[in-house]
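Shared between the two complexes below is chain A, which has chain B as its partner in the first and chain C in the second.
== the complex of A and B ==
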């Protein structure tokens, strides 16, 4: 069960957003949510690094609440992929990495019309992402 | 300790080979000739060798900021622990993947390294005419390195120290670490 999907860049700009099964809300509330989400991840990441035993970096992988689980994948180039799902989901970082390697890089990085750091409007990216999540959802039942 | 570093190098070289086998290839001649055409056109447009050098570096930068993502994705790389490790990754994986050549790292310290290219696919079939003897024909590579490393939070300065086209034995690029960029989060509400 998928809830929402964000892609942020290093600066915290929202590049792409998609949601399933979330209560409808105003555009303003939605924009606030995105900002909160990035702020939350940013702080959490710093905390995670600070808490790590000496000599090991340690990155944020996922966190869960009583109703959903947040999966986090960050590339060395600063892109953050955030997927919220139901609690039953396993480790989805490899899935997010595949999305980055097979879809993001192929349809956006190599696409001269796409400008990095701007919201994604590329049709083939959207289609590929939709198909990707549709198959993911089917796989999980 | 030395054997540990050696093992790492071998592993990276293998990763470079594996990644190289994964990417689409174009004919080396087509590549060299296309690049030659671009450089020639730049020289015609700018009518000045120094301006063309600057432009080549800029073009490289714009390519580098994108190429890094492809490298990270195809090679499934994680953060490097040190600048000298970055040097090895650039040489053994990056150059191998995009240009198919083996590059040696020299004089790697925590803030500087040099890349030695004994073969350079960009400069195949090229001879610099007298009036272009100052042309940094492969300056594009410096730009690529600067762009790619900036995306992974390292501000570097790259320069072409030696070039086979200038009569040197190898092409040598120096990469100087200026600053490690820090992530910060600016909340525009406040």
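== the complex of A and C ==
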């Protein structure tokens, strides 16, 4: 079960957002949630880096509460992909990496009209992402 | 009866936070654990309390608990909140299993050897080297043996 999907750039601007079956919220509440999410991940990443045992970097990739699981993937350029799912989801590191490599890079990085650090409006990206998540949800049953 | 889970992956450190998010107990179980001075430990522990709470607020459906499990490439962190708001959290190597059960065990020791001590004041640091610490070390040694 999927709840929400965010893409942030390294400055914390929200580039892309999608949610499934969530209670409707006002635009302001939603914007506040996005800021809180980025701030949360930013601090969590620092915490993880400090808490990591000797000889290993941080490498945060998932965390969960009693009701949902948050999957995190960061690219070398500082893009952050955040996917919130139900607790049944396993390790989605590879899934998020594929989303980046097969969809983001193919439809946006290789697209000459795409401007970095601006909210994503590219139709072919949206369609590919929708198809990707639809197949993911089917796979999970 | 001590629980003896089958596991791989060493335990690294245990933190206990009071209701206000202040660190009241910390112990490292492995030489691999992150080298932190007391100040850093306190800072990290209270940051974690705050972040765990925020993650609950970000939940798509409420009510939700705070963060209970964190997975990173280098380690795992499992957290357990007692009904009275004391937060126990444990870091371990990434392939560790059954951390929640270890935390339950720690909670029992806390209830038996810290809370039942008439000289212990709620929310104050837990004395190192006391009965709680001894029990804890023994349990952890057993757990590490079973890798």
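What we mean here is this: the second predicted complex is superposed on the first by the 141 of 141 C-alpha atoms of A that agree within 3 Å, B and C clash if a C-alpha of one lies under 4 Å from a C-alpha of the other, contacts with A are read in each partner's own complex, and residues count from 1 in each chain.
The definition used in the following text is that a residue touches a chain if its C-beta (ideal position, glycine included) is under 8 Å from a C-beta of that chain, and two chains touch if they have at least 3 such contacts.
All values derive from a computational prediction rather than experimental measurement.
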item	value
Contacts of A:12 with chain B and chain C, given as first, second, both or neither	first
Contacts of A:138 with chain B and chain C, given as first, second, both or neither	neither
Touch count on chain A, higher of chain B and chain C	C
Partner chain(s) touched by A:97 [first = chain B, second = chain C, both, neither]	first
Which of chain B and chain C A:109 touches, first, second, both or neither	first
Touching partner for A:42 - first (chain B), second (chain C), both, neither	first
Chain B versus chain C as contact partner of A:33, first or second or both or neither	second
Touching partner for A:77 - first (chain B), second (chain C), both, neither	first
Footprint overlap on chain A, where chain B in one structure and chain C in the other make contact	57
Chain B to chain A touching residues, read off their complex	65-66, 68-70, 72-74, 76-79, 151-153, 183, 185-187, 189
Residue ranges of chain C in contact with chain A within the complex	12, 30, 32-36, 40, 44, 47-48, 51, 54-61, 64-75, 77, 91, 93
Complex interface listing, chain A residues touching chain B	10-12, 35, 38-39, 42, 57, 75-79, 97, 100-102, 104-105, 109-110, 116
Chain C partner contacts - residues on chain A that touch it in the complex	3-4, 19, 22-23, 33, 36-37, 40, 43-44, 47-48, 50-68, 70, 84
